[in-house]
Each structure stands twice: as C-alpha cells, then as structure tokens.
Amino acid sequence: MLKLSNVEVVYDKVFLAIRGVSLQVNEGGMVALLGSNGAGKSTTLKSISGLLAPERGEVTRGSIEFLGENILPYGAPKRVGMGLVHVMEGRRIFGHLTPDDNLLAAYRNGGSRARLNQLRDMVYDYFPRLTQFQKTKAGYLSGGEQQMLAIGRALMTEPKLIMLDEPSLGLSPRLVQEIFGIIRKINQENNMSVLLVEQNAAAALEFVDHAYLIENGNVVMSGEAKVLKENPDVQEFYLGGADRVDYHNVKHYRRRKRWLA
Amino acid sequence: MSLTSTLTSTAPNNEVVLACHNISRWFGGLHAVKHVTMEIRKGETLGLVGPNGSGKTTTVNAITGFFPPQEGEILYMGRPIQKMRPHEIAQQGIARTFQNVALFKGMSVLDNILLGRHNFMKPSVLRAMLYWWSAQKEEVSNRYKVEEIIDLLQLEDVRDEMVDVVPLGTQKRVELARALVAEPQFLILDEPMAGMNQEEKEYMVRFILDAKEALGLTILLIEHHMDVVTAICDRLVVLNNGEKIKEGQPLEAISDPTVVAAYIGRVDNAAA
Amino acid sequence: KDPIKFAAPLDYTAVYTFLTNEYAQGQKDYVTMVNESGGIDGHKIEYMTSDTGNQPQRGIEAYNRALRDGAIWFDFLSTPVARAMVNRVLDDKVVMITAFHGRGDASDGETFPYVFPVMSTYWSQAATLIDYMEQHEGGLKGKKVAHVYIDSPFGREPIPVLEKLSDKLGFTLRTFPYASPGNEQSSTWSEVRRFRPDQVIIWGAGGGQAVSVREAIRNGIAPEKIHSVVWLAEADMESVGKDTAKGIRKFEGTDNGTNSALIQEIMAKVIEPGKGSGPKENVGRSYYNIGVATMAVSVEAARLAMKEFGAPLDGEKLRKGFEMIKDYDANGLLPPLSFSEKDHQGGGFGRVSHWDGEKWAPLNEWSNPYQDIVWESIRQDAAAFKEGR
Amino acid sequence: MAYFLELLINGALTGLMYSLVALGVVLIYKSAGVPNLAQGAMVMSAAYIVWVLSSYGVPMLLAILIGAIIMFIFGMLAERFLLRKMVGQPIIMIVMLTLGLEIFLRGFGPGILGAAPKQISIGVSLAPIIIGDVFINRIYLVGGVIALLLIGASALFFRTRTGTKLRAVSDDHISSWSVGISVERAIGVSWGIAGISALAAGVVWGSVQGVDWTLSELLFPAIAVVILGGLDSVLGVLIGGLIVGILGSVIPGYLDEIAGGGTRDVVTSVIILLTIMFRPYGILGREDIERV
Amino acid sequence: MFYRLSGIHHTRYETARRLWPIPADRRQVWFLLLLGLAAPFVFSNFYLTSYIMPWLILSAAALSLTLLMGIAGQLHFGFASVMAIGAYTSIHLTRAGVPLEFALLGAGLASALIGSVFGAAALRVKGLYLVMATLAMQYLVDWTIINVPAISGGAQATLQTPASTFFFISLKTDMARYYLALLWVVFVTLLILNIKRTSIGRALVAVRDKDYAAAVIGVNVVRYKLVAFFTSSFLGGVTGAILAFCYYQAVTPEQFNFNISVQLVAMVLVGGLGSVLGAYLGAGFVLLVPILLTNGVILLSGMGWLDVSTNLLAHIPLMIYGALIIGFLLFEPLGLGKIYDNFRNYLLVWPFRHSKL
C-alpha cells in the first residue's frame, strides 16, 4: 500500500540526507526501518508524511505512492486524510492542552460526535493509564505517558498506515514491552499497517515481519525479519552478538561493515 | 594523549561524595520525589533507575539546583549545597548531561565543548576588547584541554560542525565532552544511551568507562537499558512514584519482585 | 534665468498628516501663480518638496540634498526636524521658516539670524486668546481658565506666558495635560469639568483636537468657552458635527475662506485654468491659506531682496529681504507683518474667530497684545540657546 | 466620590475599548502563536474600509457588514501570502514580518485615500448619560458592550472543536500537521477573526477620534492589555483591559495635578513593568512548560 | 574561483581563531577599512554627511543592539531610549565643561546603569514579555526627558551640542566628525567580533540558547544577562552621544522615540540576528531605503512617469519599504547577512552545488 522508489531528500537546498531509498509496506504489514544515528530514518518518514517542508527539506527525486496514488504533491494534512499518520520522534504532543483535547484536536473535521467518542474510548482502552490525567496539561506527563498519548492521538485520525519514529526512546523496559504489545494489538485488531523506526533492533526484529537497514542515506539491506536476525553484521552491530555483551571489554576499533546478505 | 596512563583506582572506597537526606520535591500538588535518601561514594558508579515519571530526573534536578528540594538536605563532599544556585553547584565540581540533549544550537561542536571550560576562564568584555593581549592566550591554553577530551571521545572529525547537524548519538557524546572538560569529580548522566543502537551504545559505554578511568570520576547514571546498567553500575537505586523502593547490587535489585512489577515488566526484559 | 530654489521637505506621512497636504497645496498654488506671472524679475521659483516622515535623519538628508542643489529657503513643518536643523541653517546661512511650529525664541533675529517664525508664535497666540477673553468676555479678573493640552513640549510651550498673564490679569490658571497622541482624554475632561472653568483653552493638533472638542461638549462646556490654538480646522468641525461645534473659537493668524483678494487671485489665475495642485475644495480652508500665506511672505522677501541686491539670490540676501518686509498684508490674507533684524516673528498679530456652523468667522480685528510679555520669554530662551551653542 | 466613580466607569469602558483592539492580538497569538504587531494597522485599515463604503452612501450597518467580510478575507490572505511561508521560523522574524505589514498598511490606506482625518459616525449622540454628578460616555458604553460581546463569543469559540484545533496549532505547528490539522486554514481563520475584531475596534475608535493613521497607534495600549492579561488568554483581555483602563484613568485623575504632566503612559508602563516582574506570564497567561 | 579553502592550513590554534581565516575575506575587510578612511576624499561632502556618516553611526547602534539581541538573545524594543540617555548625558556633561572624551564615557556609563536596571527588572522574562518590558522603559525614559525641563532643555526641549574637541581635534568640520564616527564604529565592530570569539561571547550565546544548560557548566545566568544589558547599553549610550555630536548636533526627544527603537530592531532583524555584517546591511537598509525610495519616486514623477497626487507620492515609499521588509523576510528569514553568506558559500563550493556527499 506504500511504495517508495528511489527517494532523494535534500535539506536546505544543499545537504543531501537520503539518496535513493526504496521500500514497500504491504496492507496489514509490519515493517521496521533500522539504522544508526543520522542514517536518514526520520527523514524517510518525514518525506512520506510530508513534514519536510518546515525543516527546509525537499524530495528532489523519486516517487512515493500510497494506495496506488502519487502523494508527493499533497500537503501533510491531506496525506493524513488518506490514512497515513506519522508519530514523530520526541513525541511532540500539544503540551498546553489536556490529553483529552490532544485527542480531540486530531479528530478529523466534521466527523460525527459518536465516532469521536468511539475512537476516544478505543484509545483509552488501549492506554488506560491516560484516563487519570483529565485535568493536567499534557506537557507535564512523564515520557512514557506522552508517548502513549502521541500514539493515541495518531489513532484518532483513523489511519490505515501508522508510522512510528522511535516509540521506545527513553521508556522503561516494561513500557517498551507494553507499547510494542499495544502496537501489535492495533495492527491485528484494526488491520492497520505499521512502519516502525527503531534503535532497539532486538525488540523491533522480534516484532515485525520485514525490515530495512539504512546507512548513510542508503538502504543497505532488506528482508524478512527472521533472515536479518541471522545475518552476522546485523548480529554484531544491532543485536550485540549472540551472547551477552561484555561492556568492559568492548573493542575500540572494529572491522568495517560489509553488509553481506 | 597520556590520559589513560594516569590511572586512578576505580574501586569504591568509603568517602561519601554526595549524600541526599530525605529530600522531597513537589510540583504544585504533585509529590514528585518523596523523602529520598541515598549516598554515593567516591569512585563508584551508582545507577538510578525506575519507571517513567518516577522522579529520577527530578532528583537530579534537585541535586544540581534547578528545582531545589523543598525538604531535606543534600551534602556534596560534606557541604550542604541545596541552597546554592545551579552555576554555583557546577563550580563545586558537579557536571551533568541532560535527558533531552541540551547543547547550544548556534555554536560549533568545538565552541560547545570550549564552553565547558567556562569555570577555568575569566570571561569579560574588557578582556575580549583586548583580545590580542589577553584573551587569546586563554583561548589557546584551554584549547589543549579541550583537544584532550575531543581525542578521548573521538570527536575529531566533527569538531568544526555546527552542533545541530551532527547525529543525535554524536550530540550525546559532545554533551559528555562538554561535561568532562569542566574537570568534574562527580558526573551525572541522564539517559546517555537513549535512542542509540547496539553499536553506539557499546561505544558510549566504552567512552564513559574510559573517562571514568582517566579522570577518576564518581558517576550517577540514569538509564533504561538494563544490560548497560547491570554491566557498569556498582549499585542501583530504584525509584517508583518518587519513592526509593530498592537499593542494592544491580542484578539483585532488578530481580526483586516489586522492581520487576513496577519497572522491568518481564524478567527477560532485564537482558535487553 | 536661473530659478530660485525653495525646498520644502515636509512630513506627509506621520504626525503632521492632518495638515501637510492642504498646506503644501497652498504653497504650490501660490508658487504657480508667481511663476505664471513671470516669476520674480524673470526668475522662476522652483518648489522642491519631499516626505521626511517627521524623522530628523531624513530631514537632514533632504536638507543636504537641496542645499547641494542650490536651495536657499527651507520649510520643514515639523518640530523635531526643524529643531535638528537650527544649527545647520545658521552655519550654512540659508533661510528656514518655521511658521506656527518650531521654536518660539527664534523670533529673536539677533540670535537666530536665519530662522523666521514668520507668523505668531505660540506665545503670541496664547496672548491673543487671553486678550480676547479679557476684552470681549467681560474680563478675566477672578475667573477660572483651564489650559487643556497635549503632554508634549508643544502643549506646554504657552504655559509660561499664560502664567505671567494670570498674574497680570488676576485669573486662576489650571493646566490639564492629556497623554499623547490624545485619542483618549476622558479622565482629563472629568477633571476639567469639576474645575468649573469660565474659559477653556485647548492646545493640541490633529485627531486629538477633535477628541478634545467632543469631550468638552460632552462634559457640558459651552462651545463659546472653548478656545483653540491655531491647529483647529474645518475637518475637525466636520468630525465633531458642524452644528454641534457651532461657536467654538480659535486663534487665527491668516484670513480664512476665499474672501481675501489674494485667494481670489489664486482662484482666478491658478484654480480656474486647472493648474491647481490639489482638490479644489481645499482652496480657502485654514491650512491651505496658511500655506499660501507663508509662501506669499517668502516670495515678498525674495522680491525685495532681488530688487535690492539683484540676482543670484543667496541665503544671506533672502534673509535681508525678509528683514526688509514692512506692513505686508498679502493682499488681505494676512495682518500687516513687519520684520526687522531683531524681530523675525513679524509682529505677532492675530485674531480670534469662531465656527458659525459652516465656516470660520472672525470675531475681532487683528491685534498683537502683550508683546512685552511674549518678548520676555523670547529673550530668555534665546539667551539660553546662545549660551549652549 | 462621584469624581472617583466617573473616572472608574469611564476608565473601565475605555479599557474595554482597548480590549477590542487587544482581542485581535490574542486571537492570533492563541491560535497561530504569532504576536501580531500589525493589529493596530488592521484596525486603521478596517476603519478606512468602512469610511470608503459609507462615503459611497452605503448605510452604516451594511458598510460594517461588508467591511467585516473584507477584513475576514484580508486576514485569510495575510496568512496565505505572508505567514504561511514563515512556519517554523524564529518568532522574532515573524514579529518583524508583522511590523513590515504594519508599515505597508500605514502607507497604503492614507496613501490611497488621503492622509487628512476622515469621519465615520455610528449615530451615537454626544450627550453623556448623566447619573447624579457622573457623566458616562455614550459611545464608550457602546464600545464596551461590543467588546464584552466579542470577548464572550471568542471565549466560547475556543471551547469548540475548531477552537481546540486552533489551540493545538499554536502549541506546535508541525505536530498539528502530522495529525492532519490544516495549519494554514487554522491560522487563516484566526487571522480572519482577528480581522473582524479589528473592524469592530476600527468602527468604534474611528467614530471617537476620526479615521487616520493614528488609529494604528492603538497598538501600544492594546499590547499593554495583552501583556497584563496574558498573551493567550481571551479572558485575560477582559481583565487586562479593565485594569489598564481603570488605573490609566483613576491614577492620572489624581496624579496629573501633582506631577504637572500627563501620567497615563507612565502608569501604563509601570503596570507593565510590575506585571512582568511579579507575574511574567500575565494574570491568566499560560506558562511555558520547560522541562529540564 | 574567488574563495578557496584549499591550501589554507592552520598549524596553530591562534591562526585558526583569527577573525577572518580566509585570505579573500581579509582582503575585503582591508579594502573596506581603507575606503572608510579615504571616504572624505573619495565622496562629496553631501554623500559623506547625509549617507555615510549616519549609516556608520547607526551601524554602531545596530551592532550594540546585536550584542544584546543577537548574541545574548535579549530582545530590546526600547534601545533608542538607551541612546537618548547617552546623548543627553554627554550634552549636559560637555555643557558643564567636561571634556568630550570623558563625557562620552559618562554617557556610556549612565546608559549602562539605567539600561541594566531595566534589564534586571526583566530578568525573569523572555521573548515577547521582554519586548514589553523594554517598551515600558522607552516610555518611562521618554516621559522623564520630556517632563523634566532640566534634562530636556527647557520649554524648547532642544539642546544644541556645544563646540567640542576630541583629543585636541576640533569637531567643527564634517571631516573631523566623520572620523570620530568611523573610529567608533570600527571600535564597536572589533569589540563585537572579539566578544563573539571569546569565552564571554560563548557564555552569552549559551544563556541565549538554553539558560539551564548554561548554568550547569557554571555560567551565572543572571550575571551574564546583566553583563549583556550593561555592555550593550554602554555601547548604545556612547553611540547616542556620537549621534548627537557628529550627526544631529542637537538633541530633541523625538530623535530617540519609540519609532527609532523599532527601526533599530528592524536593522538588526533585517540584517540578520547576530550577524556583524548584517548590522551594517540592516542599518543601511532601514536608514537609506526610505530615503532612496522617496528620491526615486520623486524622480519618476518629475519625469512624468508617475502621475499621482502628492499625498500618494509621499506614501508610496512607505508601502514599498514595508513590502521590501516583508519580501526579504519571506525570501530569507535570516536576513541580509544570510543572503550574503549564501552567496559566499555558493562561491566557496563553486563549481559544485552541494557541500556534502
């Protein structure tokens, strides 16, 4: 349902952030995008959701298709209307609004009140913890709660594909597990596709069917999660090897990555 | 550099570097930190863990003077510091990094790190005016220390980049460098490894261990990556809802049932 | 023959917008008339105008540019700009007129040889208004006079003269400032009403004047008791309501309307043939006539200078020309003005007129009362200026 | 006592009339996060529009209605062609942009229509309402009532679903985009509404002091009101307006005589300074959520 | 082509920290400095006194404000009042017989003291609220000057600058006044550049960017905010005095009113926040563009190409000026300085289009 071919993004008219990224997400699929810092993962998601413009970024080449339609000419709100939603890195909830108003703000214009309540109940069902904070400004919620709210807010737009940028960042092990669990539940119950950017590769590969590896703005490897997990490079650089890492004896210099698939 | 050769003992001894006695902090009606007491001894790495919103960052903010505790006492090297302002506390030799990277966006990596030398420089307009006769010497002499740390943390190639364009992982390293050039005795790290993949995590751990070894640091570490915490901390303090619920050896602490229920979730999460 | 260059960098866009257009129209039309009839001894007058936005630095630029181009006469119609220019015109020896604005002490020609207030200064205006009350309103002894003014140097300028007059004539003077720009004066007027004044002087300009009049009437002060500085015009009366404002008085330094021979001449020679520089309706309005009058006096000075010294004119000759003007009434537009090396005000004549519902109608004859008191102030301030320079 | 009452009442009404100008500033800030320094110039432009219409013989009420539509469209256009390009830029740049707009409008209206003051009248009698020895200004009363109505309507508006979306937009443009809120439209609407409130202010103030560029100087008291009440609080506009108006009337009413000069601007300035020292975010303004 | 980075190596920390590490830049700076020194002989007196001198002095003012707004991040919408304090102080001091050299110093100190008092009052606020606090300063200072005749100079509210000498050189000639202005702006420029590259500048930027992060490395946030207010007000005060002595030769309250404050802010912003070059460009833009537009429009209408009423004629420059401000901000929000930078960067990477990858 989502297809990127050869997408190139330039920031500030001069800085090439990704070059020739191609990837695909199928209906109901769960796909992960892995890669080190600054590889261009967030940039890829922003190019899909149309959020590059405010950062002076621009898709200079390639095409992005969603549900068979080329969405590049569309602005971000229109893409959300088509069922494509992006939960941004760093949560970015509306800090001065209550959680309830956060959810309300994301509900589409002109939708019925009944549907609104239904969606809201669904979100509170997934994240019962949010119900306790009816009166507090969302900006004062803890990191994990904000993350839940951000996902819940995205769900209010009734998406067909949800893109999550590092949802586990800064969360406690229990919450990571909880949130991944909920994402899986959402994926299964609503047949919603998921495109997930994660640093926590071990958790992500457990959980998706398919994954892409990005380095330096290029896709260097892609395949079934199961297959990737067995790859020696992935093992060494993303999963910390087969055994527990001995942090006290980490090598200072390492061999180059080769990405032999 | 010859940093690694000036080895200091990393074995904990009995000298208490920092002691919090019964500190509390409210935000409006919210009791974010409840009567927390803890001690950190010289050369030790203490892990501070707990669920999100349990008050870890607030505790650190209390120690560093941003949100002074409304109750209780904080002693650094035996002296009370809870009434001092943040910069005065920094001048005592306490350095920290922030959970959400707090670098100065308008500056290059080098300038950011140079700022860490603030306490060793005498900034003044008059000196700036007389640059060639006065400030230049200071700039250059402090530069040597900065270069040492840049070397230690392997930041050579991004030295002249603007700090907001380098990747997040590197930014965290720059922030660590900025804290280290201040030559602190006590270092607080607030989630230095959030948002890093395995490889970067390993590097970061290496840097922290190297720095600790080279500079003889005492470290307070907040981190959600249990594998790291168990590997490098000497002791753990576990907070939940602002209260200290457990203190002890890392592996023992995180397998405590209350800790597992509140924080870890499943036992095998502890490994990840 | 070479033109005589007059430069008028005026404020078209800021504080003085309420009058600049009409004023400049009057000046231009008069220049057109002079040039149509052959100029001064065959020399045409070149009138250069531009906008200064009431900003001194733009005024200085315009001044320097005009000076380079050979201008010998300047009119800025802006207190701040004119003030920034005083030293310059004195050094460069070119004439600057400051009709109804600028410093009152510049009337002292010995201290300010190149500055000509040309018309009654604010001090003379205050004296004329008080004299009218004294003469025609049953005397001022024991009466109460309220001076309601915009809180700026301009609004405060007449206070020393008013104080001297209150001592002399035995009336009680109270001053009521309102905050600049004067679009909101309600608390000031609450206070004025409670003072129960017998006479009220309003001292402001532009929109603030209309607000003053409205507030005065709203607070039950009869229009006949309201006396204004020269800056009150037809537009303000229309704003308040022509009938509501009936009876309001103001100081007048030039004739109003189109009755005077000079304005008639302009109508015939410039307006009728379609050579006017602006809307016809403006002709004869207060600020138009002031513009005509300033230009008429200046051209008269140039004429006298030309006769005496011959071409080419320069600032010094023009100044002497001004000082040669004796009993000049601009064909009925002006009270008889006489200048001298000492007196650059021209005598300080004026009169009081009132709004009769349609136009301003004079209430008394031209006169220049209490000039001794006025000159006391002039000499005082001029001496201070000399000291500072 | 009557003197005090009169100062109090007229001051309160004046304050409400300032609130009318201030309301536009708050509306835009609350939904777009932009402090609009062109609001004064918008008030002026609105008054010019009504003057032009009524000078063509359009009845006042109709002129106001048409003016409201024009001002709404103007607000939308300002967003479309100016503000939209500035999304994500530092706030001070946007402030400068609105200043540029203010300079432009100040040239445009008086340039096209003539700088001499114009008159509009909404047919309110000059005669005051007299209660005992207290004179109440009729047109201020009208202005005050209009201000109350508009403030009430705005307060209600922000409770609606659209209002919530506008508040979300002021919080974070980019994340509003990410959940499908059309930031452009939201900001456009808020500028449009600010345009309408500018019209109300323009008509009332225009009939008090005449229409010329000095109407744009109403910005300063309006900003004082906004700072006092809180930049993003509609209710704050009401409270701030009342305080600025009353103190600005009562204090000079007693102090001017002693100080021998107009003390109103000083009073206002001191109010601002004190507010900022003791309540940096105004009486009802929201505090920045700063988490270390 | 024009700029080459290759072949330039820094072997010492000193040279890496030079003001203009690229030789081409250095050459440009020398050229401009020489031009500045030769200006009285190159340009006619008219251009010198109506354009170059006010531009230089206002650049110094914009630079002083840049220190506060651009580097230290404290917005100031009352900077003209700071300059007013300097101007009035210097005039009163010289009138009292103090030599000009000391009067300038006194002007700076008076402005600095009063300026930092207001700064201190506004220490807790940022952004727009600071704008308002400083606006209040403008009104309070204006009011004091206007209402205290001893300051404003009596009923006329005008004070002429007395004839003075600066280091034994009489300021009677335009040339002498020009060189004093030039000396001052060069001094301010070097000072700001040096502040920017030393520890004090970094501390100020730190306070601007993230005050809590500055505190954690030992920067006393309160103190540095005050230092910024003090220094910038000092420079502003002296600049105000120079403006009075070299350019206006008289002071009236209107020369330093709120509009001037807005113009100063506009200079800093249109030039580009924090950019030294931008301060020059911004000052030039705000000062000269309205003048040039006015003259241009008059020229056009004089040639019969623009047949409109005087009133519209006078307002057209205002409209264009407003539109230009808007246009530049839309085109490059970081200001004229950034436009120049982009151009320079283009030359630096020429003939390539991108700097990376």
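Think of it as A, B, C, D and E in the order they're written, each chain with its own count starting at 1.
Criterion: contacts are C-beta pairs under 8 Å (C-beta built on N, C-alpha and C of every residue); 3 or more make two chains touch, one makes a residue touch a chain.
Treat the numbers as computed from the prediction; the structure is a model and nothing was measured.
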{"item": "Minimal step count in the chain contact network, chain B to chain E", "value": "1"}
{"item": "Chain whose average C-alpha position is farthest from chain B's own", "value": "C"}
{"item": "Distance from the mean Cα position of chain D to that of chain A, given in whole angstrom", "value": "43"}
{"item": "Centre-of-Cα separation between chain C and chain B, whole angstrom", "value": "74"}
{"item": "Rounded Å distance, chain B centre to chain D centre (Cα mean)", "value": "48"}
{"item": "Of all residues in chain C, the ones touching two or more other chains", "value": "12-13, 21, 151"}
{"item": "Per-residue multi-chain contacts in chain D, two or more chains", "value": "106-107, 110, 114-115, 260-261, 265, 291-292"}
{"item": "Residues of chain B engaged with two or more neighbouring chains", "value": "66, 98, 100, 102"}
{"item": "Chain C - residues contacting chain E, complex", "value": "12-13, 21, 24-25, 49-51, 53-58, 60-62, 64-65, 67-68, 79-80, 83-84, 86-88, 103-105, 151-153, 156-157, 159-160, 277-278, 377, 381, 384-385, 388-389"}
{"item": "Interfacial residue positions of chain D with respect to chain A in the complex", "value": "87-88, 161-162, 164-165, 167-168, 170-184, 286, 289, 291"}
{"item": "List of chain A residues in touch with chain D within their complex", "value": "49-51, 53-55, 75-77, 79-81, 85-88, 92-97, 101-102, 104-109, 137, 139-140, 153-154, 156-157"}
{"item": "Contacting residues of chain E [partner chain D, same complex]", "value": "69, 75, 118, 121-122, 124-129, 131-133, 135-137, 139-140, 143, 146-147, 212, 258, 262, 265-266, 269-270, 273, 309, 311-312, 314-326, 329-330, 333-334"}
{"item": "Contact set on chain D toward chain C in their complex", "value": "3, 6-7, 10-11, 14, 106-107, 110, 114-117, 119, 126-128, 135, 137, 140, 205, 208-210, 212-215, 217-218, 221, 248-250, 252-253, 256-257, 260-262, 264-265"}
